[in-house]
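Consider the two complexes below, in which chain A is the common component and chain B and chain C are the respective partners.
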Partner chain A sequence: MTFVDLHRPLRRFSTRRRREALIGYAFILPPLLVFSVFTFYPFLHNFKQALYETPPFPNQPSRYVGLHQAGHVLSSSQFLQSLTSTILFTLIVVPLGLFAGLLLAVAAHRRLRGIGIYRTIFSSTVVTSVAIAAVIFGTFMDPVVGLLPWLGINTSPPLLENPTWALLAVALVTVWQGLGLSFIIMSAGLQSVPDDVLEAAEIDGASPAARFWHVTVPLLSPILFFALVIGTISAFQSFGQIDLLTGANSAYLHTDVLTYLIYQNIQGQAPNPGTASVLSIALFVMTLMLTLIQLRFVELRVHYAQ
Partner chain B sequence: MLSVLTLIVLIPLYVTVVNSLLQPSLIAHQPPPLFPVHPVWNAYSTAWTQGDLGIYLRNSAIATAIIVSGQLLTTIFAAYAFAYLAFPFKRTLFVVFLSTMMIPFEVTLVSNLATVTQLGWYNTFAGLTVPFLATGFGTFLLRQSFLQLPGDLREAAQLDGYGHIRFLFRIALPLARPTVAALAVFSFLGAWNQYLWPLVVTGDNNAIRTVQIGLKQLQATQANQVNVTLAGTIIAAAPLLVLLIVFQKQLVRGLTAGAVK
Partner chain C sequence: MATIEFAQVSKRFGEVVAVDDLTLSVVDGELLVLLGPSGCGKSTVLRMVAGLDEPDGGTIMIGPETVNDVEPRDRDVAMVFQSYALYPHLTVARNLEFPLRQRGIDRPEREKTVGEVAESLQLTELLSRKPAELSGGQRQRVALGRAIVRRPSVFLMDEPLSNLDAALRVETRANIVTLQQRLETTTMYVTHDQVEAMTMGDRIAVISAGVLQQVATPRDLYALPNNVFVAAFLGNPPMNLVPATVATGGDGATVLRFAGGEIPSPPAYRSADLPEAVIVGLRSESIAVHPDGPLTATTTITEVLGAEVHVIAHLHDGTRLVVRQDARRPAPRRGELIRIRVEEAGSVLLFDPDSGKRLEFP
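Here is the complex of A and B:
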């Protein structure tokens, strides 16, 4: 009798464990499946496809060329220009976006009546997509029906057809579209800055500027860092506004960021999956490197609360 | 200061609304009118009918509904598993989920288009939505939320005879509602505003064309009819504006979830 009793609880325990494991696997299977098919497989497939050159004629088989294609693409003037455009674009968009968001957040961080309305207004661009912003500003910058002549901006050729100014124009549109998100993030950060520290500084006789730079900014640095990383990754992935504002002329106008170059190699007159794969890997490496660099060098200067 | 900043943020939107209501003859007028004295509303109906915006809004709504509900479902179950269940390789699998956040979508674009085409999903809602039915970030956040619930909650429920599903839907989820709401809003925003993938997966007809791509179409076909194009952007932004006003708190929480501990 005791023999049977000793065994029964043990068996139930391991069956329950096995049942729980099965349920666990069942619960994570659907997303895992989606990730495997649409994230991991395509990512890895890039490495294979980069080694094959596909001729521009339809239905011709691709031939193995090894790293020759990668070398060719990465040293091409097209790629180098795209890289420059992407970096320049990021250098304009990210700092401006951070600064503008911070400015808006500081301005709205007051206990006034009705401040909520201002906060809603400042967040409002978060509902605009890059497509909406691009169409709106594209219309404003149109040489025929636009607003620029009224503002006194009469470049020749017009802004969005001008290789010198097009990138700046597209960058500014991007900054405007991102104001809402930047404001929301900076506001959240400001709200976590404890008031008593600021009051103590004020009592100690620190001026508003000194309080800002020596108290608020260090306490905000984790949020600033987060926004920096997110902002950089997002800038690297910009596409919609380039497609809508400069479109097929992007190469000539120096606005052909990496994502746009990839798109051109997928859909366009001459789809080239081999080149697109090489470019995709380059984009991944660049994004990863930039994030790691930021983690390594910038995070050192971030003050985390003790 | 507040007013200056408000102007900078709002002027483009204000000018857009003004221009969408102008009589066509006034559009390229210099200096541009600052207020539509005789507002003309047919730009909106033109955008709706000739620009097919009604169809595009419907397509966006369908695609967004599929993506949001899909993401919520997969995330809820996966986060629950990672927070409350024990299974071999759980930690490794969680890292696998997190690693998807490191791979930007643009990097997988080339092969995904080929995969979707091979599955016969080109120009279908399946092709438009299935690649986005899971989110590593969402799983991470919701797991975090579940882990912050009192530890003995699960044991107490077990003693009361609650199975996993009942515990998940009757106890854990209602307690984690703020996070779920935030995820839903964040997901909605992302899905509605998507541009690159819909552009690549949409064919030459209106079967799945979403409102973002519809705007591109509108801009091309209505070239100088600035009032119609701008009316189109207002129509496209309107649903999200409603979302912002009604769900502002959840929106903010969703967007700042990774930032503030």
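Here is the complex of A and C:
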């Protein structure tokens, strides 16, 4: 605008725009407040808290130690073990969860009488609480009253007290927990795979397996990618079932994933919020990096329909 | 190369009978068009040949083999879908190659065959593109190429031209016929467009409400429709169907009496024992506006189509009549009272008003 026109139409236009902007801000204000208090502030506060150390004696003030604490925490054997546990846990949970969800979705993606019952069952874990799932599976694996020992699967020490098997057991419970969401996402994706393309493949000589791998999976790739990204993030954040099933023995059982370590540094015997902050930031950076890597490399193989 | 035989084939979806007791033979190497309005079951017939739908009764044979229990991939048929159903994630080359790859044909031969097919359909320049980057006509050619690439014994085409614009449709129509004649592959072609059916088919099978009405060459179908459905479905404009009563005229000869006059009974039916009432089938080109015509009608509208004009008129009981005439002749104005006469008495057909069937010549 090179000159200001003082005629009425422009002025009316500008007050209308201002009014619309005000209404817009009014709409985002409530969520903005909530996010500020519960997400943005704690997130930013983490970066400050990471620079302070709390002495292991009660009622002592924190003191500023700068990056010294971060270096110390990130090179500790406790952190490295936790990192290994987290990566192993994610490597089991994510691919297994995707594959199992896809398998169920393909199985339920047909017009059969009563298929709705199966769809309801398959998606039901979405509405099951972590605590209840953990209690049920804990009972399943209980060496005395459990189902697994009754079936003859009886490791010594018992599964959830066994450093070799505990991580796998906890991961499988997590897969089960995530199955409902995975199934729903995959089912929605399958709806978008056109029937006639699959029929064309059938006539063109593709076996059921070839149709699955060469047609269904590529056409589903945007959904698979989406499920991979959110599945990875959610695996990184798993906590409830780990805490409930292995609790205080996590370090010994190698189920001490980062979230659990963070929790221990806040609620444990010797709380150190500074350490917890360093670990939180580490988890954040890991999640961010991994998501960026997925966006950069895995997405190249995704086919988006136009 | 194969024949296709349907014997008493039926298919229902729930309460709906899609195909009812179909018996039909497709001759080796011919292009048979399945023609009918939407929802008449013609696509279901095609899908049953492909094996995508299973018949509830009857048998389908491709060549010497009954295929009812044969998987689609073992039937040696290829299909072109209305939507083309290309693999959207694969390039044109990969799309064309897909059927060969699934049959475990080795790479050098695959590349050679794909190259030839691409060449013949002018797809060579497009081999590295994905379907989303192609125009409608190009996609259609890829779909066609994917069907011919492995030289199947039967082609099935389900309205392959209906997503193209009018000009391209005419061009592609001719290309498909040329291709089919060159390959001499038995082809079943589904369409609801009677012009497509007339121009492409060696023979046409007309289907209505799941029931086969008539199978004949386009010429025979046009000249001698079996019933009023076929008569009204084929031709543009379709055959005029005019109710009439059979009476004896002044000179003792049998006449057909309409709301707007009477005409002598057509010569072919002269010795026939006619019912009291009939439906008279008059092709619009075998009647003409003429001052001495025996039928009186009121002109409703005249449609100029370029070389010809359709004069649409109504008898005074409301029956509609279309007269096709040369555009150079003067056309009647709207509302003008005209007289119409039969030019070719030999082409007049009579139908039974109850069954709709054409009355046999004696």
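One rule holds in what follows: the second predicted complex is superposed on the first by the 289 of 306 C-alpha atoms of A that agree within 3 Å, B and C clash if a C-alpha of one lies under 4 Å from a C-alpha of the other, contacts with A are read in each partner's own complex, and residues count from 1 in each chain.
Throughout what follows, a contact is a pair of C-beta atoms (placed from the backbone, for glycine too) under 8 Å apart; a residue touches a chain by one contact, two chains touch by 3 or more.
The structure displayed is predicted, hence computed values, not measured ones.
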Task: Determine, under the contact definition given at the top, whether A:S62 touches first (chain B), second (chain C), both, or neither.
output: neither
- request: In the overlay, answer first, second, both or neither for which of chain B and chain C A:I132 touches.
  value: first
Query: When the two structures are overlaid on chain A, which partner does A:V215 contact: first (chain B), second (chain C), both, or neither?
result: second
Message: Just to be sure I read the superposition right, which of the two partners does A:I184 touch: chain B = first, chain C = second, or both, or neither?
response: first
Message: With both complexes superposed on chain A, which partner does A:N154 reach: first (chain B), second (chain C), both or neither?
response: neither
Touched partner set for A:H303, first chain B, second chain C, both or neither: second
- line: In this superposition, the partner of chain A with more touched residues, chain B or chain C, is B
Message: Using the touch definition from the top, list the residues of chain A that touch chain B in their complex.
response: 17, 20-25, 27-28, 30-32, 34-35, 37-43, 45-46, 49, 103-104, 107-108, 118, 120-133, 135-140, 142, 144-145, 147, 149-150, 176, 179, 181, 184-185, 187-189, 192, 222-223, 226-227, 230, 233, 236-237, 239-240, 243-244, 259, 262-263, 266-267, 273, 276-277, 280-281, 283-284, 287-288
- request: Please name which positions on chain A make contact with chain C in the complex.
  value: 194, 196-197, 199-207, 210, 214-215, 218-219, 221, 303, 305-306
- line: Per the touch rule, the chain C residues reaching chain A in their complex are 50-52, 72-73, 75, 77-79, 81, 83, 85-89, 98-99, 102-103, 132, 146, 150
- request: Using the touch rule from the top, collect the residues of chain B that touch chain A in their complex.
  value: 1-2, 5-6, 9-10, 12-13, 15-16, 19, 27-28, 30-32, 73-75, 77-78, 80-82, 85-88, 90, 93, 96-97, 100, 102-115, 130-131, 133-136, 139, 164, 189, 192-193, 195-196, 199-200, 212-213, 215-216, 218-219, 224, 226, 229-230, 232-233, 236-237, 240-241, 243-245, 248, 251-252, 255-256, 258-260
